[in-house]
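Naming follows writing order (A, B, C and D), and every chain is counted from residue 1.
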Amino acid sequence: MSSYESDEMMSVEAARQLREVTACFVGIGLPSTGANLARRTVNPDLVLVYEAGAIGAKPPRLPLSIGDGMLGETADYIASVPEIFNYWVQPGRIEVGFLGAAQLDRFANINTTVVGDYANPKVRLPGAGGAPEIAASCGEVIVIVRQSPRAFVERVDFITSVGHGDGPGARERLGLRGKGPTKVITDLGILEPDPESRELVLTHVHPGVSAEQAQEATGWDLKLADELKTTEPPTQEELKALRELVAA
Amino acid sequence: MSSYESDEMMSVEAARQLREVTACFVGIGLPSTGANLARRTVNPDLVLVYEAGAIGAKPPRLPLSIGDGMLGETADYIASVPEIFNYWVQPGRIEVGFLGAAQLDRFANINTTVVGDYANPKVRLPGAGGAPEIAASCGEVIVIVRQSPRAFVERVDFITSVGHGDGPGARERLGLRGKGPTKVITDLGILEPDPESRELVLTHVHPGVSAEQAQEATGWDLKLADELKTTEPPTQEELKALRELVAA
Amino acid sequence: MTDAVADLVRDGDTVALEGFTHLIPVAAGQELIRQRKRDLTLVRMTPDIVYDQLIGAGCARKLIFSWGGNPGVGSLHRFRAAVQAGELEIEEHSHAGMANRYAAAASGLPFAVLRGYNGTSLPDHTDTIKPITCPFTGEQLTAVPALDLDVGIIHAQRADRQGNVQLWGQTGVQKETVLGARRSIVTVEEIVDELDDKPYSVVLPRWVVTRVCEVPGGAKPSYAQDYYDRDNDAYKAWDATSRDEAEFDKWLEAL
Amino acid sequence: MTDAVADLVRDGDTVALEGFTHLIPVAAGQELIRQRKRDLTLVRMTPDIVYDQLIGAGCARKLIFSWGGNPGVGSLHRFRAAVQAGELEIEEHSHAGMANRYAAAASGLPFAVLRGYNGTSLPDHTDTIKPITCPFTGEQLTAVPALDLDVGIIHAQRADRQGNVQLWGQTGVQKETVLGARRSIVTVEEIVDELDDKPYSVVLPRWVVTRVCEVPGGAKPSYAQDYYDRDNDAYKAWDATSRDEAEFDKWLEAL
């Protein structure tokens, strides 16, 4: 087994989730790395959709931002931003949306807006961007976020993007048509919503990580899956593809 | 004075109305002839907008239909049809809309839908097309139609496109933001709405036409303007440009 | 195309064949006639000669439209006769309303809002036109429902071997027709190894198109920009064929 | 550009400078700072470093936005400090909401409808988000009001001598920004004799643009496709400048 960083484990695991996926909505940062890695490993035909308009972008290296010229230059099609949200995201055409989070709660609701009170925030974060509608309408959502008690909180200070709301039936009551977060990939493992309670449970730990470590890094009483598994470590091929991608 | 057909008089007079206009919404038939003639005579910079998407088309000859390739090929820009109506017509960006009519009433309301009862029509006509929103939202509307008692009726069987409704204040009450029909150009003369009553009055007769002829060709008691004028006959240059255009 | 139409279009479906006088999917429409599809709700902003043919052939139960004519020539006599005889249910809109109904369908919304229809007789006869009030200004506008399309059919200039479709020139509501329908059929002039840039081109990526069929000339007698111009004589000749029911029957038999 | 900004932007105006990380009108934004415009309501989906500069320089009374950050780098410290100190009024939306607010403005409608915001905390804090009911299905959706823009400012690759503007690549909401505003300023990389075809180009015809100004490099340090790439070091360097108020003041003085 080669040595690797926890970021690398996250990107590799994110890429693996895209094996069977047609189209994926991509932000910048770890989601972009994961999606671009998938195109180089498990799913060469994966369609990357960026919110600035590129549909089917095939960037030769990781874009610096979603405005990067190579996204448009390599895209199958470029839509305007209103079209991206109205014709492509809203009808649920995109199978997977990748999201990050500053705070995440036990129902996978996401906060990227403020820490503290909205009117008098302790920390003002960037805000919603495309996330609320990605979370509402993509077929499913994969959250990629580092696990810590500050980030994994009992209750988010602000719901920027709805996960599973307050539990069973919440998404249906809100009229949200996608399945919501089906996986949360962290630096320690993978969490998935319990089919009944919709509460996130730890289903995988990454190699060398213990369930206790994951529980300590969580601000709520994190439950473990009946069968807790260990993630496959990154293969040589995965690491090689990832490092080439990042270095490009 | 050269000899000319009444259609030619109509097209020439239509073109003259576009001397100071920036952008004009064009259908097929006489409106298209008039607008294209204006580009060759009084207003070479006139922007022609076609409902199939071409903005700033510069057709070298009269298009057979609004799908004609040369419209797109010579356009400054091509919009989708939803964009044409939403971004270009609806906000009132287009100064003049040219419309035809199967029936027209004394308030310049237009019928292009049915003659007779809607459910059991005597004659089923093509229908609305782009006309209702052109009539509502273009800065002003110029109607081009041959005058006859069958066409110029006391009351249209169906209001496809609103002229001046039932008279003063009607457009404001309906929330229509353009001025509505400001001129009706016929084979006999020109009618304009009275500033007070909004009823169409005959302001011009074409050379050789009498006011009585125009009144006989009208299904309501057509009033004459205080100063009834005679239209300038087509000049040699106008006729030459028109005939070249039609023959091209 | 025969298989695509057989597989994807069922009797009773709501079907739109779009192309705003350019790139009209005529061949696909005639395939619907040959396969004797019945009880269709046909949708099209500008039903022209291929819709006259479909109506005359008895494929349509209902027509949703905004302008029905033989563009630049005159009337559609089979359409006109069917309406005047009360044999065809119609749901009639303006172009702006229809364009917004397609856009709403493509957007996954149940309705669209526009400034339109106020003061016209259309709302008296079309129950898919309703008032709606702006929750911010109190202004009254008009709502129209999204089209509920089972199948969207268009003709495009070309596709690549992966099934990505490209069309250009005036492209009307074709993108919305494909994106707004549950299933879609795109006939193309040719299949090429690689798409290249074309001015104002619309690309429909392979994953949003159900079936692509190579049908050269599939838009004739209408235009296909950079492939052929409109055959105006055919449009004119249709007037005579359509006017006379016996002539029309002869045409239908020969199809 | 000096004259265009002086003539068209007034203190107290609502002004949008758009460009979705590509073709950001940075030079025009900095001209607003130089001319000491005050009490502006600034609108932008993705306020990034030029908005951090405008906010730090005291030009803005209010910000209407959906994502405020230094893309790919981190936070906007002047923006963050102003909000945390309660010195900047904010009206916060999602991208989908903002994009639809631009589209409504360009469409001459008072509002737009979308599926959005349901279940989020945004409607609790933003009063320009309201429920609306579909008059056909009874379904509840969300309405957002049209942006009410005095001035729309964008940067484009080029214009011709008549003033027709052309931009291409990822063109975001730039068309809507110009069409949705009462007055508009477009800075361009170059003025050319004739525009030619470019893939996915948007042309804004001369008669819908108030003023065109040739400003080569007007989008630096962001991208202008086919002219220059993003200067990523400048984005990174801004983090340090913006973080320290004294550093920021020095930057402002030198502008």
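One rule holds for everything that comes next: a contact is a pair of C-beta atoms (placed from the backbone, for glycine too) under 8 Å apart; a residue touches a chain by one contact, two chains touch by 3 or more.
If you're wondering where the values come from, they're calculated on a predicted model, not measured in any experiment.
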>> Touching both subunit A and subunit D, which chains are there?
In response: C
>> Of the chain pairs A-C and B-C, which one is connected by the greater count of C-beta contacts?
In response: B-C
> Between subunit C and subunit D, what's the gap in Å when you average each chain's C-alpha atoms?
Replying inline: 38
> When the centre of a chain is set as the mean of its C-alpha atoms, what distance in Å lies between subunit B and subunit D?
Replying inline: 40
> So what's the Cα centroid distance for subunit B and subunit C, whole Å?
Replying inline: 27
> Mind pulling the subunit C residues that touch 2 or more other chains?
Replying inline: 103, 108-109, 114-115, 139, 175-176, 199-200, 202
>> Quick check on subunit B: which residues sit in contact with 2+ other chains?
In response: 77, 86, 90, 137
> Which chain pairs here would you call touching?
Replying inline: A-C, A-D, B-C, B-D, C-D
>> For a test of understanding, state which residues of subunit C touch subunit B in their complex under the given definition.
In response: 19-24, 45-46, 65-69, 71-72, 75, 79-80, 83-84, 86, 92-96, 99-100, 102-103, 114-122, 124-125, 139-140, 169-173, 175-176, 199-200, 202, 222-223, 225-226, 229-230, 232
>> Using the touch definition from the top, list the residues of subunit A that touch subunit C in their complex.
In response: 22-23, 47, 55-56, 76-77, 86-87, 90-93, 137
> Which positions of subunit B touch subunit C when the two form their complex?
Replying inline: 28-29, 50-54, 64-69, 71-73, 77-78, 80-82, 84-86, 89-90, 113, 118-133, 136-137, 158-162, 165, 170-171, 174-177
>> Using the touch definition from the top, list the residues of subunit C that touch subunit A in their complex.
In response: 103, 106-109, 164, 175-176, 179, 202-205, 207-208
>> Show me the residue ranges of subunit D that touch subunit C in the complex, using the header's touch definition.
In response: 108-115, 128, 130-132, 134-137, 139, 141, 143, 145, 197-201
